[in-house]
Structure formats: structure tokens, C-alpha cells
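Structure record follows, encoded as C-alpha cells.
To keep things simple, chains are lettered A, B and C as they appear, and every chain counts its residues starting from 1.
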Amino acid sequence: MPVEIPKDSWPGSVNTVTLGATGDQGGSRTSTVTIGGEQSLPFMHFENPTPHRPVIAMEVAAARPADWSAVLLEAWGSTLDDPAVWARACEDAGADLIVLQFGLKGSDDGPVSAEFAVEVVKEVMDSTGLPLVVLGPGQAEIDNSILVPIADATKGERIVLGLCEEGNYRTIVAAAMANDHLVLGKTPMDVNLAKQLNILMTDMGLPLDRIVMDPTTGALGYGIEYGYSVMERLRLAALQGDAMTQLPMLVTPGVETWKTKESKVGAGIPDEWGEWAERGVNWETLTAVALIEAGADVVVLRHPQSLVRVRAAIAELTASETA
Amino acid sequence: MAGYTAKFDTVTEAVMVSAGELVVEVADRAGIEIHQPCGGQGRCGRCAVRIESGRVRRRSVLRLSQADLDAGYALACQTVVEGDVSIVVPPPERIQRRLTTDHIAPESVVPEGYDPEKAQTVRRVLLSLSPPSMDDQTDDWGRVAMALRRATGVDRLEASLEQIWHLGGILRSSDWQIAVTFVAGGTEGETARLIRVQPATEAENEPLCGLAIDIGTTTVTIWLVDLTTGRVLHQASEYNQQITRGEDVISRIIYGSKGAGGDDLRALVLETINGLVEAACRRTGIDHRAIAKATIGGNSTMMHLLLGVPPESIRLEPFVTAINNWPLLRAEEVGIAMHADGVVDALPGVASYVGADITAGVLAAGLRSTPDTTLFIDVGTNGEIVLGSSEWLVTCACSAGPAFEGAGILHGMRADKGAIEEVWIDGNTYEPTCRVIGNVPPRGICGSGLISLVAEMFVTGIVDKGGHINLTLETPRVRRSVKGAEYVVAWADEAETDQDIVITRVDIDNLLRAKAAIYAGFNVLADVVSVGLESVQKVLIGGSFGKYINVEKAVGIGLLPDLPWERFDYLGNTSVRGAYLALLDREARAEIARIAASMIYIELSADNTFYEAFTSAMFLPHTDLSRFPSVAAAMTNEG
Amino acid sequence: MALSGIQIYKMLPQTNCKECGFATCLAFAMKLAAKQAELDGCPYVTEESKAALAESATPPIRLVTLKGKAGEAKAGNEVVLFRHEKTFYNRPGVFIRVLDTEDDEVIENKVRTGSSYSVDYVGMELRIDGFAVEAASGDRTRLATVVEALRASTGLPLILVGSDPAVLSGGLDKLEGEAPLIMGADTSNWEAMADLAAGRGAALGIRGGSIEELAQLSEKIKEKGVEDLVLYPAVDSMSASLALNTQIRRLALKNFRPLGYPTIAFAAASGDQGRESLMAAQAICKYAGFVVIDTFAPELIYPLLVLRENIFTDPQKPIQVLPALYEINSPGRSDPVLVTTNFSITYFSVANEVEGAGLPAWLLVTDAEGMSVLTAWAAGKFDAESIAKAVKQFGVADKVDQKWIVLPGHTAVLSGELEEELPDWVIKVGPREAVDLPGYMRQVLN
């Protein structure tokens, strides 16, 4: 029985965004990462090939993280003490990108400062050739105080700076525009809020191909269904041609899942939860894969084992074989 | 270089013009200052002049209708002189009235062909009785009843005991020449109820009056009406004194459900109404006992509170009222300062959040008399929306908050003397020009003023699409205070209040929320019945913007859908107008009952649809700019 | 697809006679659209309209119910491609596979722990749905023995996997009165399999490597009288499986009846637990009606069941966060307790403001059925009682020495009652807007 396979042909597509710049391109990265460009829903190869596979970013904390799960501390060991070493380890493990996360603390437990921040970024850039996403601690004034000098000090590197949020985007966008960087916009699990922030940022003159969005996803068991649907809706709108939703999506299953009790806590939990470390990795990888199916272009992970598994899944999903 | 001459009506000397000069520039040289509130950007239309003769080139005709153009109007800031011209500069008031986007509520007009004999349920007749005698020992009451039957056909008469106490005295002191006021359904042989008996001479100098009352959550409005002519003798509004017990219906319900809260609220709204009635009586010299009937519109909560009915069930699932269709009530039991035996007609509502203000409003707006799809909104603390035609009506209510009534805004006020009701901002200097009600120094900003102000702040880039004030602009009017970012609309020395009149980030948020709630309501209603908003033929606006709203600016902030301006009509307070129509005409009253019965109420909290529509409308003008093509076009021009 | 009120209205008499109990035909139509009324309510609907409305009401994907001795597993009846369009209805059944070639104890052990497994997730008991027994031995008697043994320790629904109808019938003999799934029919054995399924009242799985193959088989089998069918797109890679499942769902929703059946996925993957877990996750997200896995390990089953729960919650309900006491910026014993509702946007706006300002605080989120503060308060779902309940439930008093609780400004009226409910606490009224919280906290709470 001949069956006509329904193929969607969409008027729109996701923007293609390149992160990082090599020596020739005015930066110092040994490789760049290109994401986006989808013309179909995720992995519908019978319609269109996946132009750029989803990539995996590993999160590196600028100062040894105080609140990470023991499972993660054990997995990374002393690497965690030095962001440069850590970033190098991520690259060796097969990461595509490094997300350098600043907290409120700088060197010797003092408050984070511009000098410290620029210093760490430089060290990390020296130790790894991967493109970088650099995120402030999430407090407007502090974010601006470190991101602007970082942007200035790394002009031309096409770093992704973040987080831009509705109440605090002007300074970061301006710094990115002045120094050939990109920005990451983050909005709380809502299609409209995501679009609105994108409109505000592009209204400042920032081209769309220099923005990546994080629509906020929640973790498995902690609201992933909302994030999942918001992502599906954003991607559908993008394909339908709504320019303000055509941004590649970066999501953070690592941050989201490793703060849940299931991943963070090893003692005094029910037997039905099973073995701790494996559970933590499952929590992270299941979240990541669900979000990849919903359209994620970048997943930011924490556990090295998760990197291996999600990488394999992505490879399988993007293999050009058709059904 | 070509040289022309320009002649202005107010100046004797003609001035020389060089090629490419704008009318404003030429006028300036002639010593005429043409006011340009928007800074000469062709946005506000306030600089319109009339070209009596000669060649000009209009670079833009924004704001001018075809009729204006035919009459020779041109925007001074956008018009190049290309020949010898003669120009008339009209006084500013005249221009204002010409602008196509300004919508002024119509004055109340007596319905055409109003005939109290046929339409009115309350009537007053003069009766000349023959005094009793030994031959005619008919009792006083029987005598009155018989005379009334003869004069009007009223068959049975009822009265309160108090009426009977005074009857004999009045008959005799008036020498049996009396005026009888009564209420009757109107059909022959029906029972009538006596409202008042008075000496005929007294009645001669006193019109028979009625009240149309609208009890808004924020504002109470009354019209004092001559029931015989249908004329409105006096109109007055005041903030509902219940405000001190909470700004929205929910607070009132909660307050009213506890202890003596209900009594307190009832007393407060009566105080408000009676204060207005007394002032109206004083102004017009009318005795409050001459008021024989009151017809009341108002939302369901206000109606329950006025009439002392516990309102608690309105706010709790499954959201039902105690009563939607009220019986006819007696004035004394209600407590309104009119004749104690007068009748009070509380109009019927539809649901907890769609009350008599809306059924009355739909009548006033004439929604049921057109086959065209029509959108009717009553903007108050609650925004009620009705979409429909003569065939069907769907309605919903969304909580807008009191921003449009000037409440809950730092320097907000009612649309009263001293309120800034329209603002233009110069796009280069960020300096505002305000129009103030009563042409006095400003005291605050009313609902229309707020819409106008935010619309202007948006087009001039003082706020971004998210409503955030851009603090990097070079003007002292934009600043950060303890309350956050703000924009100074009037400096202390220009204001009546001796303090800076400002709009804050929080005010803007409140306005955004209010307008988003209303627009989302349109959206959801239109979706429910699968009608595109763009196919709406008429948009009728009622509610608390005072007498005036500028449609372009309301569209500019995304409050109203982006439709051709001529599809909008501003009706002012439709609730009180509907009450007025029902006060005069029993047929109108019956129509309100039919409207109430046929409306379908859509509960917005049933699912996420409203919320989605709301967040997408929480932006200037809207997250989906394609819904606002005219705003998008204007932005491209500006940019 | 479901019709809108207006579409239904067009099929009604439009006379507004009110006999249905509604004021107008449109009102009745809207109630019909919202499934709050029955078409029978109107005595005047034409046969034509009735047929049209009935057609639109038939689910495009057949509901297939597997029944065990105790319990059932349902799949099908889905109406959308994306959960946000409406909702996904039937949670895919999670089945654990055993091979009849495995040792009796191994099987016994797996089945007993599997069927008694239950884990609590936000007050719900999550469990697996059944077992798949694979007739790897090719021996009818062995299969019968294993099934019989299985039935001694579990009543959950079963799937019998094998390609020889004669062998499978041995297992079916032991499942009298149940509705298991036979897995399955293919181009070589479909007739015998169809006969077997028809005779035993079992559902029949169809294995096919392509859309055409599956559609062709399902048509032929249906002609033989078996209607409870399940499709197994037998492909290896995650990518091919995703493509086939998507195509099947799309065609089914377009009312292409030969594919209007639920699908089954076999996530088992030769000992690679990582891959198995991700295959299963994909199957849950993307359209499987039944998911079969090999590994029974709590650390895998638990997240899978939670994922299934999440993906299959009704997205029409407001977006909620879990009611709990949240910590913002590592609060201490003298930091204030802020109260808000569990509507996610409300929670986010409060949490973001405070977090962004770097101020430590406890954020108490009450269960207000996902409504915002104002809506919940209006509807009586955010009141002194519910706040006091949350304070007790989450042991807030044990976390702080300075008992300051901050109400949202809009609900200032609650402070009196809350004082009565929480006599040891100082009730403060915060600002109305979340933006003003940091300022308030710095000025008033210090």
C-alpha cells in the first residue's frame, strides 16, 4: 500500500549562529561552533537534514563551586579548583563549548571583581580553544560590572555574554555590540516573554544572529513539562516564520537537575530512588534528551558521564539515515 | 532662487518665501507662532492651517481627513510652499475638533419621539376633585381612586399607610386640586401604586423627576431627569466612597462579608449617591420628593452592596450572584434620597462579573440593533467586553484595575477639572504639551491622559516596548527617584499642586496590565466565536475616560484593536445612559431584560487562553506587532 | 478534530427555541464544544449534522486496553501532535521484558521486585504497568511454564513476544480471560497471528520496518476481525524511530485509519543502560503507547516514570511550581519569610527580584491551584488559613528565629486574620509589585 508521508514545509527557519572566532576571524579560538539553521522540527530527516547538530556545553565555575552535589565533586575531583584546568578537561572529554559561570565570590573568597573576572576568562581562553559562554552571577549590577570589562578585554572573540533579562539587558547588549560578541537572553518559561526580550534586544540594534535564547526549562520532575512545551511552541512559531522566535535555544539541564533533591542528596532518601550517582546522571541525561527532542540547540551539562551519553544520543539522532 | 509671497489672515504684510520653505517657517517670519506639540514631526496634527489659495505640497497628510483636505487644511510642519499663497491660521480649539482620532462622548439627547404617556411607568396627573358633600359621602381615598380611574384608566390603586395619613389634609388644603404621582405597568386596568399626592399648585412649578444612576466600583454617576420632557437636568459624578474600603470588587466583597462590613459599605455608597442627589437638587432647585423613580445600573457586586445583599458567593467558585433579576423596590427601603414611596428599578445582570452596567450599556450602545459584528467595551475597574450583533452576544469580564479611572496611579485623578487629559511630547526635546480639563494648571492625570502620555512616551522612545523608561536620555524630565524611574509631566511651578506631576515605572506597569487585560479579553472573545478581530465593523467604547478618548493613542498602546478610526465610537458612560433610557421607556427596560437573557458569558479563568493572550498583550503595543499594522508603520516612519 | 462552538452552531437549527435548556442555539453549541452538554439536548438536529458531529468526535487513534489479572494498560485516544495543543491522554505503559530463556530465579526476582515497585512523586504512587515475556526459547511448553510462574507473582498485564503463533498460544493458554498483547504479526505470519488474537481476545502487535508495511498489515488484519492493534515500527536508531513514530502520529491525526493505532517501542539495547534510558525517554516524549525496557533498576525506572508523568500532565492547567519553602540566596535564621502563590510566573517574578538583588529570604509558596496572588485571593484560595497551613506544613517556624512573614501588598486585608492564625508571627505587608520588593526589604525589613 503506497502511503504518502506527510511532510511539513515551513516558511521559516531557525537563525544560524556561530559562536567563537578563530584567529582568522579576529579571535583566538581553535574551533567555532555553529548552531541553528533548522528548517524542520527536530530530526525530521525525511523533510530536511539537521543542518547543525545540537551541541554540548560543559559548565565550568569560575571559583570552586560550594554548593555542587557530591556526585559531581567526585566525578571531577581536583579539576574543580582551577577553571582553566577544568575547561581543558571538558574539552578533552568532548565538550563543544564551555560555559564559564561566575558566582558572587572571587579569589580568596572575596567578592567577585572585574579584575578577577577578566583574569579567569583569559586563563580559560588560554587553556582551551573552545568557544565560550560567559555568565554573570545573575545580579544586575554585578553582572554589568564584570561582563563589560570581560567584553572589552575579549573583543572579537564572539563570546556569548549573559544573562540578559527583561530588566537588565541594555548594558550587556551594548557591550556585546561594541566588541563583536553575542548575548544570551533568558526568560521565565513563557513564549511571550521570550519573544518580548528578543524584540527589546533587537530594537537596540543587535542583529538576530548574535542572540541565543534560554527559555528556562525546569528539571525532570520540577516543571520540565512547561519548559518542554514552551520550547516546542517557540520552535513551531520559528518555523512558521515568526522572526522573534527564530533564535537557537540554549538550555541548562545541568544547573536545573543537579539542584534537585534527587541528584543532590545521597542520604536519607527512599530506596525506590535507586543508586545515587546513576540516578543523578539519568536525571540530567533524560532532561537533556527530552529538551533536545523539543528543539534545544545547546545543552549545558555538568557530569562527564552525561556528556558521553547525550553525545551518543545526539549522534544517533543526527545520523543522516532515513526511515 | 524662486520667490513667492505668503499672506496670513491675521497679518497685514505679506512675507517673502524662498523655495522649499515650510509653512511653519514662513509663519514664524510673519510673527505667527504655530504651536507644534510633537516638535514638528507631523504626528499630532495640532499645527493644521487652511490654505485659502495657492500651491503647496503636503509632505504628509497624517491626521487629516479627506474633508479636511478638501477644505484646504494642511499640516504647517509638513507642507512646503510652492507658489504665492494665502493662509488662514485657525484658533487651536477649532483644530482640535477636526482631528479624526479624537472621540468625544456625545451629549445626552432625549430619545426621539419620547412620549411619557406611552413610554413612562411613572406619571403625574392633575386631578380636580369635587369636594365631598352630604350627597356625596365617598371617602377621600375612593374619591382619589375614582378620579384617577377616570383620568388614566388605572383600575386599582395601592399606597403606603403613610400616604393615607396625609391624604385628607392635602386634599383639603389644596382645595381638592391635586397632583397624583403613581407608578403603573401601563396596560389598562392594571394595579397602580401611589407615589405622591400633592397640591396641584405645588406640582405646577416642579418637574416630575427621575434618577439614572450608575454605581461604578470607582465612580458613581447620577443624572437627574425630567420625566415629562425626558431632559437631563443635571449630571454629576463622584468617587464611590467605598474606595476607602478597597479599590476593587474583590476587596469590597471580602470586606462586606465580614461583621458589619456589608452595612458599612451600603452606608458609604448611599452617602455617595445621596450626596450627589442633594447637590443636584440644590443646583436645580428641585425638591428631592419630586424624584419619583430611580433606575440603577452597576456591576453585580455594587448592586448587591447597595441593596444590602451578601455578596460572598460572587467571588467563590462557582461564582454565582444572589440575584440577577431584581423586583421593583421602594425608595425608602433602598435608602436613596428621593420620595420615600418612589420606585427603584435595579437593572438585571448576567453573571457575577457581568452586571447591569453591561446590560444597560449594551442597550445604550445599540448592539442588538445591528447585524454587523460589533465590539462593545466598558472600561472601568473591571473591563467588560461584549462581542456580537443582533444575532448573538458573547461577553466576558477582565480585571483591569482602576488605572483607567485615574486611581492606583501616583498622580492619577478622575477626569475632572485640572486633569491632564491629553499629552503630546516633542520627539527631539522630550518636552510635553498637555491639555488640561478646564484649562487650569494641572492637578493630576486622568485615564485618557495616561493613555495619551504613555503612547507619546512610547513613540518618542522615552519608554521601550516593555514600558521601561530609558534613563539614558538627555532630559531632566527622565530621572530615578526612590520609587524607581519616572518621567516628569509637569514641573511643580506649572502644577496646581506645587509638586512635580510624574508618571512612574509602576504607573506604566499598571497601565500595561490594564490595557493588556482588556485587549486579551477581545482576543479571547473573538477566538471563542471564531471571529477575527479585524472583521469587527464597529467598536463602541463606554466607560470612565471622562468625556474624551483619543483612539489613535489607545491603539498606539495596544488597548484597542488596530482598525480604521472611523469604526470607533466613544459613548462615554454607557451604563448611566442605558439606565437613563430604561428610566424613560418601558420598552427599553424590557429590551435590557432580553439582553440579559440572551448574553453568553465566557469565563476567562477556565483555561490558559486568557493568560496567554494577556502576557502577549503586556507589551507596547503588543508582542505580535503584526496585529498593529498602523503602529508598526508609524514606528518605521519615526525610525 | 474537535469543532469550535461556531462550527457546531452552523449545524444547529438556529431558531433559539430554548428547548435544550439554553437561551440560544449558540449557547448550546458552545456548551457542546466544551463537552458540557450532549447533542441529544436539542430535539431538532438533522441526521446530517448528527453524523458530521459524530465523525468529528471519533478519536483518530484507537484506544487499546491491555488487561491482566489485576490492572490494565491503556494506549491511544490521542488527538494532538504536541501536548500544548490540548493534552496527551494515556500515559504509555512501561513494561519490563523477561526472556523465557533466563533462569527461573532471575525471572522470578525481576518480576517480583518490578511488580511491587512503587515510588512516591508529589503524592502520587508511580508504578510500572506490566511485563513482556519473550519466547526466546522457541519452546511452547517453556513459555507456558514461565507465564504460569509469572502469574503466580504478578497480575499485571502481559505482552507475549515471539514470531511463532504456535509457541505463543502456549503462553496464552495461561492467560484465560485476560487481554494481553501478542507481539507480533509480520508479513510472514500475520494470518495465523490474526487468528490467534481473534480467538483469544488478545490485542495484536504488528511489526514493520516502514509505514507502508505497517499500514498494509493493519488493513489486512483488521479485515480478519482483529481491531485492537498496536504498531511496532521496527527500526534500530533513535532517529529512525522518531521519524516513523512521528509519521504514524501525523497520518493518524489526519484520519488515515490504517495507522490509527497506538505504537510500541522496545528500548532494550544490549546492556547499554545509558542508551536504553534515552531511547525510552524519547519513546515517552514522542508518541509511544507502550514502552518495553530490559533493565529494571530503580535509578532508571524512577526518572522514566517521572518523565512520563510530566509529559502527560494537562498543559491547560496553569503553570505551577511545587508548593514549598524555597531558599533564596542562602537565607539564615533571621531572614524574612515572603509568601506567594504557586503560579509559576508569580513565583518567578518574586524569586527573580529578590535573588537578583542579592537579598537572602525564605520564599513560602502556598498551594493556590496555580493561580496568581490576585486571582487566588479573589477566589478564596489564598487566605489566612491556607498561608497558616503552609507555614505549618513546611515547618517554617523551625527554620527561623525572627518570625517575620511578608504578605503581598494586594492582600493587605489578610493581615488581621493571619495574626489570629499565626499568633507568634509578626505579619508585615509588603509592596504590591515584585519590582518593589528589594527596596522594601532594604528599607522596611532592616
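Here is the rule we go by: a contact is a pair of C-beta atoms (placed from the backbone, for glycine too) under 8 Å apart; a residue touches a chain by one contact, two chains touch by 3 or more.
Quick caveat, the model's predicted, so the values are computed rather than measured.
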- Message: Please classify the inter-chain touch graph. Allowed labels: line, ring, star, complete, other.
- Response: complete
- Busiest chain-chain interface by contact pairs, anyone? A-C
- Item | Inter-centroid spacing, chain C versus chain B (mean Cα positions, whole Å) | 49
- If you average the CA atoms of chain A and of chain B, how far apart do the two points sit, in angstrom? 52
- Item | Rounded Å distance, chain A centre to chain C centre (Cα mean) | 28
- Task: Indicate the residues of chain A shared as contacts by at least two other chains.
- Result: 167, 190
- Item | chain B residues counted as touching two or more neighbouring chains | 615
- Query: If you look at chain C, which of its residues touch at least two other chains?
  - Reply: 315, 319, 345, 435
- What residues of chain B sit close enough to touch chain C in their complex? 246, 250-251, 254-255, 315-317, 392, 394, 399, 482, 484, 505-506, 509, 528-531, 597-598, 600, 605, 607-608, 611, 615
- Residues of chain C defined as touching chain A within the complex: 82-84, 117-121, 210-212, 215-216, 219, 233, 235, 237-240, 242-244, 246-247, 250-251, 254, 256, 258-259, 273-275, 277-278, 281-282, 285-286, 297-304, 306-307, 310-311, 313, 315, 319-322, 344-345, 348-349, 352, 355-358, 435
- Query: If you look only at chain C, which of its residues touch chain B in the complex?
  - Reply: 4-7, 23-24, 26-27, 30, 315-319, 345, 371, 374-375, 377-380, 413, 433, 435-436, 439
- Item | chain B contact footprint on chain A (complex, rising order) | 166-167, 170, 190-193, 195-196, 199-200, 203, 244
- Message: Give the list of chain A residues in touch with chain C in this complex.
- Response: 1-3, 5-6, 41, 43-46, 104, 138-140, 142, 165, 167-168, 188-190, 220-226, 228-229, 232-233, 236, 262, 270-276, 278-279, 281-283, 285-286, 289-290, 293-294, 305, 308-310, 312-313, 316-319, 321-323
